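In the two assemblies presented below, chain A is common to both, partnered first by chain B and then by chain C.
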Partner chain A sequence: MRNSIISWKYFLAAYLIAVPAMSETTINIAGWGAKSGPLRSFGVNSQAIIDAAITRVNENGGVTLEDGTKAMMAVEYYDSGCNAEQGIAVARKVASETNALIGIGPTCSGVAAASFGVFQKKVDDASDTGLQMALLTDTAVRNGLAKISQWTFRNTPNEPDMYDKLFAWVAENRPEIKTIYGGTETDQGHSAGTYSKVIVQAAVRHGFEWVNGPIEGVNGTIVEGFKNVLSSSSNWLMADTNFSVQARAFKKSGADMFIVSSHPFTTCGFLKELYRQKGMPKMLVGLTSSSSAETMKGCSKQVEGMIIPTSFAPITDAAKEVAALAEANGGAADLHSAAAWENVMIIKQVIESVGITGDPANLQDERRKIRDGLEALETTEGLLGTVSRVQDEGEALKPYVFVQAQSGNWEVIHDPR
Partner chain B sequence: MEYYFGILQTLGFHVLLGYSAYILLLTGQLSLAQVGFFAIGAYASGILTVLFEWHIFPALFIGAIAAGCMAFMVGFPALRIKGLMLVIATIAFSEIVRLIFFNLRWRFEINGLEVGPDGAQGFREIRYFAANGWEIYEIVWLIWTMVAVATILLWWLDQIKAGAILRAIGSDELAAESSGINVTSVKIVAMACGGVIAGLSGGLYAHSTTYVDHNTFTVLLATFAVSYPLVGGLKSVFGTLAAVIFIQGILIEGLRFLGDYRTILFGALIILVMNFKPKGIVDENFVKGISEYLRLNKKLIK
Partner chain C sequence: MVITSVDVIQSIIDGILYGSIYALIGVGFTLIFGAMQKLNMAYAASSIAGAYCGLGISAVLSLNLLVTFFLGPLVGGLIGILVYLVCFRFIPSREHLGSLMASIGALFLIDEIIVHETDGSPLNFPELGIFSEAYFLVGEFGFRGDLIFVLIVSLLAMTSIILMLYRTKYGLAARAVSQQMNAAILCGINPHKVNASTFFLAGVLGGLAGCLAAAAVGVISPLLILPLTIKGLIATVIGGLGSIKGAIIAGLLLGGFESLFLLVRGVNERDIYVFLLLFLFLVFKPNGMFGSIIDRD
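Then we have the complex of A and B:
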């Protein structure tokens, strides 16, 4: 009997040493994105992965608070559609009506541009009445958004760097590819902006020639001559369903490489028509956002061979696990949604490094601590490796790989990490 | 409270947008051009406060006047046609305006930051309110003062001869013309007034959201604009107010968790109202009921 009591005492002591005290506190975070409308899948994917990441953090004991106790994390995900008004309404709701320490989102760059604008532009500017809560974006990828406010940060890929390296690699490995031609969905800021200001310039920088002769003003420098790029291309709109004219123009151009800068839905529409017209080129290059499951579901046959730089592919153990968890939660992991996993882990890391009590009475002070903690980060651990932070702009430099559509899957063809 | 004030902001500029359609609907004209005037007001006032660093009041005023002038000019050709043709013509106008702003790139550096409309990338940094220390309740106060003024003016319009003329044209254009009313002039004036209100609403919208782009001004927003007075009823200006609160406050914001189903509910609401309350929720019977209720209460108090 006595031995039994002693062993229970040892067990209890060992348990208390091994398991830090659990706090009653819950650390709340909020997420929002498009869970309705045409871009619904983006929000669904993000939410699936945020939920999985929160579950993982909690399974591992939660997050360590300032006093050394552990707290569970909880997330509430809101549907902001792809609508600026709704995005702002959610941002205000989260900032003023919840105890969320930080937000993750939104999906659309237009919503990000609007909702970042209602945040305080510069911290400690008493004359600026904008919202004061940190936001760490996973999806909205249009260039340069995070600098709208010092409270907004992004963990989205750096497209200028990715396309620069992609074309350098293509130039080296596919010397037979000489000429390029392309098009974009002009009513989508990300697609059109990246195409006309980044992708074509990167291609020209690495020696590829526009098929009909040089485009005036385009010398390889980012943004230079972007209007002429658009007017020299054959473009469409996101709501278009007929691409026969554009496909004919692509085919007629006879270029070695076609650049298709568009979201999955229109990428598929366009490629199906191009395929029907037997106009497939020697090489296809796509927009980062198209390296997703939606494209494969929509047109795996026609997209075959397309090369895209992406900041996510299931090539590491962690990335494979996230892809599996996303699927189990009813979503899919891609370069946008996988960033949500990283964001949750970054938030956990920051909470633990700056010391958070989780006490709602300190909410505003702790939101500020989180912001300062995010700003202080120089690197974070991503699913594909170390992510560097460009902190004066609140942006990230993420590792990436080049994937190619092969037999219904995105296969990694080059890993420049 | 920030959130509830935010909702009040949204309701405010939607009420004004609804009023801009209401005044034209009184003359029996269904116009989807209001979203075009809304866009003109948004961009014009945004450009004035951001690129020229104007104060918000003259910027809103010029935005509203610019939209009103455009409505006046559009009114001449557009209001010579009616019914479905007018709907098509006004959609075309709104699309032209949307595509102009889609292609508008007018940017220069102010205080080390390049600002201004940037084509498909939109027009950001319209941060007059936050940058000038306006608290959100002050913005709400401004918006709802505008709403109150517009409501009073439209209610008063209904009490005087001008309102009777508008309704006479709406009821029977031929009869109104036979009794000496210059129908085209009245419709154009109504169009211009609607344009001013929509422009004002657009200016307030742009400064509240801090960002506008061509995707904001789609046919969907135009549909919302005309659906407010149609669902609310044309009997009273308060019908539009009630419809905005119901559609934007309850259907869109209150039922956010329903996601895409909200759009289905919106469609179902329109179908239900058209079938069971063809004159809108605030129709003659509703107004009569309210009047009787108030009269009864008065008697009881006495």
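Then we have the complex of A and C:
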């Protein structure tokens, strides 16, 4: 009998050593993005994947706290629309009224540009009372946003690098393509900014010629001559529904390659009109955000052949699994939403490396620890491979592939990893 | 890019074809203004709501999506009656501002309900079958098949409205109520019934316009509401408040001007010139092209 009790004691002690105690603490994070408006699908997809990632972390025992105990993670997702005021309001609410350690979001670059501005610019600046909670963006992708504040970080693809490599690849593999023409939705920060400051410059850098002669000031350097790029192009607005004039201008240009830099709603509207006018070019290049299921749902026939660089495609086991989990949660994995999975895993990694108690009394100190932990990261593991962190800018350099619309799917046509 | 005379004419053709949607909305505004001397600001919102409901009912009942084009106008008409009851029926007729503000409230309410129910996300809308990809070339000029269809349907609908107003008992009663309500009552006409019928008729027209606009785009979205409200109102004012003929012509011309300004000045300045056009009419020709004379102080 006595021997039996002793063996139970040993068994219990061994169990307690082997399995860390489960803490009562919950680690809260917040997410926000466009869950309403024309870009609603972006928020829905991000939330679906954040939920899936949190579930996965919790299924695996949760996150390890400073004292070695385990805590579950929880997320609250807010709708910031694609509206700067709404985004700022959500950021303020989360930072001041919740005990979320960190945020993930927002969707739109315009919202990010405005709301990053209400965060403290430089840490430890006592004269700046801006929000002091780290934010790790999954979607807003316009170039260079994270450096607005030292509290804001992004895990978004590096578009200048991606388009540079894309046009280098096109120049090498499609030598018959010589001339370009394009347009964008001018009231959307990401579409217009990336088009006029990054894409056209990258194309010019690799020897492609603007169809009506060189655009003044555009020499291949990022940002240079961007106003002239916009005035030389045929553009539209996010809410536009009639693209006859723009499609005719594209067709009339006779360029070998058309650049269509807009979100799925207007990309489809424009391409339908171009298709109707029988103005399809030899090659179509699109905006990163258009490599989504939304575009395929709206105009799979008209988008056929479009090439887009993207930081997500279901080509690894991990990426395939995330795509399946997203679908099971009512969303879709794309270059934006898939980053949300990586973000949750990065947050878990940082929490475990910096040592967090999860005690609400230490909230502000621990938010700071998380920020410092994020800044210190040199690499993270992404779904397509290792992601390098640009530490002083808070940005990421992610692996990417080139996809092409083929028979209703985005197929990988080049994998430069 | 050099703009040639062909580009100019082509853009005007494109715009006029698309302007048939503005004309339909403008006719709806005009019908109601003609009947009650009041503006129903919720009109375009009701029109899009009708199209949404038609699409929703078709989807829920698994009906052929083309049934949407019949359900949309019907529901648009019913919403029209609802707007009449809420915003016009019980507000004294001399309180023009009261019903105007109520209808603006209804505009936002309908918009919010749509955004709430759909989360503001665009929904695919059935396209116009063989017309959707048809594109006819006549010499150097191209014509969109679906917009030609929209124009023909619009003209037929507008002709039907005019015939109803001038060839039926309802039309006689509607015109009587519009011109002298007390005399109409003395003749045994129930003005509320006539006004409700007018709102239903305008709603049917609006629901049709909503369906056609969504079909031409291929998706339906709350983003359509504000532009249609503004452009429909501009067509109504330029055509002359109360003039159906004016609303039709102004709607088509407005589409043409809009497209021309887009070609010449680009998308960022397009609406500036459209609003300038409205401003010029209000200052120099406040009664519009065909409206009754408005005295100025």
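Definition applied: the second predicted complex is superposed on the first by the 399 of 417 C-alpha atoms of A that agree within 3 Å, B and C clash if a C-alpha of one lies under 4 Å from a C-alpha of the other, contacts with A are read in each partner's own complex, and residues count from 1 in each chain.
Just so we're on the same page, a contact is a pair of C-beta atoms (placed from the backbone, for glycine too) under 8 Å apart; a residue touches a chain by one contact, two chains touch by 3 or more.
Fair warning: this is a prediction, and the values are worked out from it, not measured in the lab.
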Combined model on chain A: chain C and chain B, fit or clash: clash
Which superposed partner A:S244 touches (first chain B, second chain C, both, neither): second
Touching partner for A:Q188 - first (chain B), second (chain C), both, neither: first
Contacts of A:V218 with chain B and chain C, given as first, second, both or neither: neither
Chain B versus chain C as contact partner of A:V75, first or second or both or neither: neither
Touching partner for A:K35 - first (chain B), second (chain C), both, neither: both
Chain B versus chain C as contact partner of A:S231, first or second or both or neither: second
Chain C region in steric overlap with chain B, selected from 109-117, 127-135, 199-207 or 253-261: 109-117
Contact residues common to both interfaces of chain A (with chain B and with chain C): 35-37, 40, 186
Chain A - residues contacting chain B, complex: 35-37, 40, 78-79, 84-86, 88-90, 92-93, 95-97, 110, 113-114, 117-118, 120-121, 126-131, 142, 148, 186-189, 192-193, 227
Complex interface listing, chain B residues touching chain A: 1-3, 5-7, 10, 102, 105, 120-122, 124-127, 129-136, 208-216, 252-253, 256-257, 259-260, 262-263
Of chain A, residues touching chain C in the complex: 35-38, 40-41, 81, 186, 212, 231, 234-242, 244-246, 248-249, 252-253, 265, 268-269, 272, 275-278, 297-299
Residue ranges of chain C in contact with chain A within the complex: 1, 7, 10-11, 14-15, 18, 115, 119-122, 124, 133, 135, 142, 144, 213, 216-219, 221, 223-224, 226-227, 259, 262-263, 266-268
